[in-house]
Structure formats: structure tokens, C-alpha cells
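Same chain, two partners: chain A is paired with chain B first, then with chain C.
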Partner chain A sequence: MQREKRAIPDDLFYDRNDFWIKVAEEAVIGLTDYGQGNIGDILYLELVPAGTVVRRGERCGSIESGKWVGSLLAPVSGMIVETNRDAEADPHMVNADPFGRGWLYRIEPADRNEIGLLMDSGAYQAWIEERICLEEKNSQGWID
Partner chain B sequence: MDWRLVVDDGVTASFGLAADEALAARVGAGASLPTLRLYTYQSHCALIGRFQTVENEVRADYCKANNIPINRRPTGGGAIIMGADQLGVALTMPGRGEDTYSHARELMGLFSEGLVRGLNTLGVEARFRRKNDIEVNGKKLVGMGVYRAPSGGLLFHASMLVDLDIALMLRVLNTPFEKLSDKEMDTVAGRITTVRRETESPITLDEMRLVIADGFGSAFDVNLISSDFTAEERAEIAKLEQEKYLREDWVYQTTAVPDRNGSAKIKTPAGLIDVRVTMAGSIIKAVFIGGDFFASENAVADLEASLRWHTSQPEKVAVAIEKIFQGRSAEFNGIQSKFLIEAVQKAIARARAAENPMRAEPYGCYVNPGGPYV
Partner chain C sequence: MDLYDLGPVGWVESQSIYHALALLGREGLILCYPTTPYICLGLHDDLDYEIDRQYCRERGIPLLRRETGGGVVYLDNRQLFFQLVLRQDNPLVPLRRHRFYEKFLQPALSVYRDLGMAAELKPPADIAADGRKSSGNGSGDIGRCVAYVGNILLDFDFVTMSRALKAPDETYRRHLYRIMRANLITLTDCLAYPAEYSRLTTGLIAGFQRQLGDLTPREPDAELRETARRVGERLTSGEWLDLPGRRPAGRKVKIAEGLYLLAQESVGRGRKLTLVRDGVAEEVMAGDDEMELALPFRA
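Up next is the complex of A and B:
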């Protein structure tokens, strides 16, 4: 398997579902470079409407890549204050610019203690490495 | 390891889909055992993919007049009709949680292997085309999709054509044919196949289920224990059916990503090439290659399938076309790959530039966009 070097900016937090979280008064959330690369070309993206209150780990959207449909799970609890309508209309933005124009939504965190449960860039890098090793070990030739 | 095997027939569209999603959620949460479900729908219903739009895919007036329910799958892909002669296959398994997408793709390979092994025992030389389909010599026999529940449970969906009423399918799905002549039927029949056609036998659905169950048992090295839904599962299925699959806001929702069409015709020394593409954003969703050149139907179908769900980047399109040509150039009877590449790239460019993004000519799981073909 050919490994691609994936960007992991230092100023962001990360969760185990491959979301990055930029924390300020509000938090901006997107899919990491590794996450988008792993999913592949994103065909459709649907986010719950602004104003929706979600809890950490709950579904806050859906995504389709090829015929794979998955749920987007919130990395922190809170109220979604804005979704990226441009990315919903052109999901390729998430593939092309995951840390920029391909951001997913802004959320008003309900419990700032949850930020402490996230990973920094170093921990996320280690997490990715661990998974890549596991994939290589388990791969039976089906992974693109 | 033991899995459950659940067999049911003649289910409604809303129940069939609610059962699959509810089981995926429960299996992911550890509340139910991994389950292989081999079932049929009440003839007939139309099922569109997770992000498709009903009005683009299905002739809703025809369905209403003929009591054909329409519903939306949790899994992706194209529109299909399901009934007594199409075997629904739903495998629900726990995800590992820590490597969601790649693990799902890996399991998709095994899932398809279960189906392929079953078909092979009937003498059908089926093969998995990466990502989507199981084919026999380029003709589509099985469409597949995957859904991952928030609980981490994975649902692998397949529709296997044991038999198919092509005329009905073309009346139900929103194809561009103004009238359905024998020519259109023949073209459709040339791009897909059925188990009964391949085996030249009237194999029954029960016989199919036996070989498919054996295929899964062998591919995953599991014992399949015949079972039924538990009372608790039935209650959850009923709840999900009421709250989702019987609701119009689920079935008739629309997507923010418009489909775009483009077409191109090129005259070549070997004949006219007529290409039509449908794109979802920047991805090729479906492609039709027709014209008056002579080429093997299987080779053309193979080429079309290789471009389905493919990036539209011109250089990568060219690579995909050349790859097919390397293996079967003789079957294209003098058509040069450069002309096909030019036509496909031109159709893509026109789709990208389309002012009106609403697709005029939709497609189905077994029907490509655009013209008197499939």
C-alpha cells in the first residue's frame, strides 16, 4: 500500500472519527486530510440544520462516497450555529481543501471539558500510524 | 462464530428497509448478533439511493397508478425495482470503530466474496467490480452498497437479479425512452444479466438462498443459524418504519448536489461515437457509450462500468479508458482509444459547464443515462 503524507496542523484538536476541531469561542469542525483520503471522493454531504443541538458522538450528518454511506458524528456536544452550505452543494471541497473551504460546521460547545477528551496533533499522528499499521496487517488486497 | 440467518418474503418497502437499518444499529451496539438476511420484497417497489431525488429517478405517476411504493434506502447507489424475483441481501455486522472507512471497504470485498462464491457454485462466473457491483462478463448481476450506522454497525446491501422484468423496470424508472420498443429492451438486456439467464434454469429464490447462504458461510467462516426477528427487534423496526420509512419527508427529500448532464458525438473512421455522462458534482455517476460503431457489448459495458463513480479529472479518465483498451482492444473493432477519450472528456466538460444542473435524463442502478441503451 502506498502511503500518502497527510497534513495534520498543530493548531487543531482531533477525534478518533477523523474530525478536526478548531476551538475558539465557537468551534469549527471539519474532516481531516487523512479522513477525507480514507473515505475517498465524496459525492454527497448532508448536515443537520443550524440550530440543532447534538451530543458528543451523536449523528450530525451523512456522507456518501461511491456507494458507501456513513454518519458524521459530533466530536463535541453543543448547538450547531452554521453549516457550510457551499460544501454541501460541492462536497469535493472537503476532499480538495479539508482544513479550509471544506469545513463542515460551526458549533457552540455546551461543555468545554469535552475539549480535553480530544487529541492534539501529535496524538492524532500516532493514532493514524496505529491504524495504518492495522490496515496493512489486515489488508487482503481490497483497499484502494 | 455463529451468525443468524433470517429469511423473509414479500415484505413491504418500508418494513424491509427499516429492518435492515434497525438491525445495523442494534448489531453495532451489541444488542443483536450479526445477521445475514435473505429476503424479497412484495412485487414491486422502487428503491432509490440514499442521496437520490425521487422525481429524477422514478416515474412517480406510473408508480402511484400501479400501486408501486417508492422508498429511499439507507445505502447509496442507483434506483432499482425489487420484487419476488430479486433477492435482497442484507448483512449486518459490528464495525471495529477505530478504522471505519477502510475496514468497511475491506469487508465489502468479503461481502462480495460471499455472493460470488454462491454464484460460482451455480456455474455463474461472477466477479466483483471494485466498489460497486458484481458482474458476469461485464454485465451487471448484483448492485451493492454499504451503510454505517451511528452505533458503528455496518449494513451491506445487495440486490441480486435472479430474474427481471426489464419492461416493467423501464416503466418504473425515469428513463428517457419515449416508447419502449424491442430495440430499447434489447439494449438494456445487453448490459445486465440475471441468474436465470446465466444458468439457463428456472432456479427458485429458495434455491438461490441456499447457495448464497453457503457462500457467506464459507467466505466469512461462520455458521449460519436459522432465526427470526426477536420481539424487541420487531418493536424497533416498527418504530423506525413509522418515524422514517413511512414518512414523505424521508422518501421525498432532495440533495444539495445537483446532477449534471453532458453529451458529445465524434465522427471517427470506424463510426460515430455518442457519449453521455451524468455527474454528481465532480464525480462521474454514470456514462453511456453508444453510436454506430461495431464493438463487443461486453467491452463497452466494461468500459462504462470502469468510469462509474470515477473522478472526472481528464487525465485520470484517459488512464481508465486506456486500461480497459489494453485488455480488450480487439473487441473495439478499430475504434481507437484516443477518440473515446476525447468524446468522454468532451461530454464531461459540457456537463461541468451545464447551465441547468437538473438532470434531464436520470439513471437507475441497472440503467445508465441518456439514450436508447442501458
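Up next is the complex of A and C:
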């Protein structure tokens, strides 16, 4: 697999589904640069409406790229207080600016202890490397 | 890996069984075809934007929304389905899901080539023969699994497909039919003899065995059947079918990878229709032109 340099800002937390979480009083959540790169050109984005209460790991939206659809899973529990309507209207924004205009939603965390389960930038970088190495080993050349 | 070579199945089962396998976290390959026709929407398709509901109702064509990607398709017993369910942590599943099509479609490519057709992969997920689409494919994460689904077109009902899709006017519909006919190809178009189900499945099974190892023939067990029954009810429920989805400005129908027929809003007397291929306007047509095509549905 061709390795591409992906941005991993130091001031964010990360989960294993390739979401970034910016923690303040509320948390802002988005897809990482690495995550959007794996998904490819995003054609459709659907987020559960503001006011929805989600638990960590639960579905909070879905996403479609060319010929693939998947779920967005909440990295922390809480109530979604705002979704990014601009990104829903123009999902390519998530590809183009995943840490900025392509943010997905703001959530009021229900359990601050869950933040401790997330990775910092160094751990996320290491985890990405681990996944890439594993895939290279398993693909045995059938993937470019 | 389990193999479910099911042959003819009910139209709901032709989708619900692979969903059920995925929800149960069980890997398997399913080969089947539906005994009766239906319209199948992709997860994010908008029913009212895509489908002429009145036509489907009058013709008794039922609707189902699957949990995999891609667009609206008309499916019937002249299409052979191959559906592969893998756990997301299976080492075969790449991080970039679309990369798996290259592997997933090899068995179907081999079948086409064995029949003498010059078939090739058109990335990410089409098989093209003679430059025309010959197989439709999609994928999606379902539960903790990923399902890749595809079909081989033995024949295709272009008339019903072009009638079932919502069209802003009859001229658009005529062009839709014409463009689909020109850009899709079936085994019936290419072969001087009918393709037999058993020959196709034998080829597919051999191809998948080369990639997945031994395939163990199985029949759906009670757990799988019960889960499929419940999933089938959900996939065909009014609430699920009516979920809102993508609604591009103007009418836009994807015909093949990179090929779209667009209708822009009325300009003067009629709409402007544009056929876009790989981002380039290949043909621009007036929406109210007088071109007459000898189509059965115009009779």
C-alpha cells in the first residue's frame, strides 16, 4: 500500500473508528484525515438530528462513498447538540477539510471518564502504523 | 467459509439472507436469484426522488431498501446474485473497502471470460464488456461484517427499469432507455445460446475458492432463516422505505460508473438533458424534442 502523510493534530483525542474529538465544555467530533482518506470521496453524509442521545459505540449517522456505505459510531456518549448541516449538504467538505469545516457534530459528553478511553495523537499514529503493517502483511501483494 | 448455493429464492430472501448472515456475524458466500421481480434501493436513495411509485404499484413491483451502497436497481430472475459476507476484522478486508472489489469481482470476470467475453474491471466496482456495463455491485458495513454484493446480467428488462425510475418527462425517459440500452450489456446480447445457472455458479464457486479457500456447502439453518425473516420485514417496511435520502438538484440517474443522465430545470420551453461521461458532457439534448423511438412502453 502506498503510504500517504496524514495530519494528526496534537490537541485532539482519537478513537479506533478514526474519529477525532476536541474536548472542551462540549466536544466537537469529526472524521480524521486518515479516516476520510480510507473512505474515499464521500458522496453522502447523514447525521442523527440534534437532541439525539447516543451511547459510545452506537450509530450516530451513516456515510457513503463510491459503492460503499458504513455507519458513523459515536466515540463518546452524550447528547448531540449540533450537527454540521453544511457538511451534510456538501459531504466533500469532510474530505477537503476534515479538522475544520468538515467537522461532523458537537456533543455534550455524558461521562467525562470516557475521554480517558481515547487515544492521544501519538497513540493514534502508532495505531495507524500497526493497522497499515497488518494490512500489508495480510494483503500479500494483491493490493497496490 | 460457508457456501449457500440457493438457486431460486423469494425476492425478499434474495436480499435478507446476506443481511442476516452479517448481523449474526457469520461469514459466507451466497449464490441465488429472485423468483419474482422487485426494485431495490440503495441505503441512501430517496424513494420519492428515484421511483415512480404509481407505476410500481400498478405493475405489482415490490420495493426493498438494502443496507449496501450503490443506486436503485431493477432485479429479477434473469440476474444471478453473488453475495459475500466477511467479518470486518477478516484480514482479507482492506481498510479502504473499495479496494476489495478488485478481488471480489475476479470470479465473475473469470466467468465472463470463460464464456468468451472480453470483460474487465472498471474501477471501483463495475465489470465492463466491450465498453458496456455487465455487472452491478455494491458493498456496505452491516453489523460487525461487511457485505459485498454483485450480479451477473443474463438479461435485463430495460423497459421496466426505465419506466420504474422517476423521470421529469417522457423525453427524459426515452433517452434513459436508449442510453441504458447502449451502455449495458447482458449475456443474452453476447451469447448464441442461453447461459445455464449451473455453469455460471460452477465458475463463480471455482473463482471464489481460489481466493477464499475451501467452501463448505450449507443450507440456511433455523437461526439464519428467522433472522432473515425479521430483517426482510424491516427492509420492506413502509417506514424504512420512506427514509429520506439524497436528492440532487435536478434529476440525475447513474447508468454506469462515471455515466449520468442529468435533467436541468426548465429553460424556456423544456428541460435541458445532459449525458455526462467521466465528468465531460458527451451529449446535450432538449427535454421536449420530438425524437421518436420505437419503445414498447410508448405503444
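Rule of thumb we're sticking to: the second predicted complex is superposed on the first by the 139 of 144 C-alpha atoms of A that agree within 3 Å, B and C clash if a C-alpha of one lies under 4 Å from a C-alpha of the other, contacts with A are read in each partner's own complex, and residues count from 1 in each chain.
The working rule: a residue touches a chain if its C-beta (ideal position, glycine included) is under 8 Å from a C-beta of that chain, and two chains touch if they have at least 3 such contacts.
Since the structure is predicted, the reported quantities are computational estimates derived from the model, not experimental observations.
Q: Of chain B and chain C, which one touches more residues of chain A?
A: Between chain B and chain C, the winner on chain A residue contacts is B.
Q: When the two structures are overlaid on chain A, which partner does A:G122 contact: first (chain B), second (chain C), both, or neither?
A: neither
Q: Touch test for A:N38: chain B only (first), chain C only (second), both, or neither?
A: Once the two structures are laid over each other on A, A:N38 reaches both partners.
Q: Of the partners chain B and chain C, which touch A:P9 in the superposed model: first, second, both, neither?
A: Neither partner.
Q: Look at A:A89 in the shared chain and tell me whether it touches chain B only, chain C only, both, or neither; answer first, second, both or neither.
A: In the superposition, A:A89 touches chain B alone.
Q: Report for A:R131: first if it touches chain B alone, second if chain C alone, otherwise both or neither.
A: both
Q: Counting contacts the way the document defines them, which residues of chain A are shared by the two interfaces, the one with chain B and the one with chain C?
A: Overlap of chain B and chain C footprints on chain A: residues 38-40, 43-44, 46, 62, 64-71, 131, 134-135, 138-139, 142-143.
Q: Show which residues of chain B lie in contact with chain A when the two form their complex.
A: 49-51, 74-77, 97-106, 108-110, 130-132, 144-150, 255-258, 280-283, 285, 309, 311
Q: Per the contact definition, I'd like the list of chain A residues that touch chain C in the complex.
A: My answer: residues 38-40, 43-44, 46, 62, 64-71, 131-132, 134-135, 138-139, 142-143.
Q: Of all residues in chain C, which touch chain A in the complex?
A: Against chain A, chain C makes touches at 42-44, 67-70, 91-92, 94-99, 101-103, 124-125, 137-141, 245-246.
Q: How about chain A: which of its residues touch chain B in the complex?
A: Residues in contact with chain B: 16-17, 35, 38-41, 43-46, 57-59, 62, 64-71, 73, 85, 88-92, 131, 134-135, 138-144.
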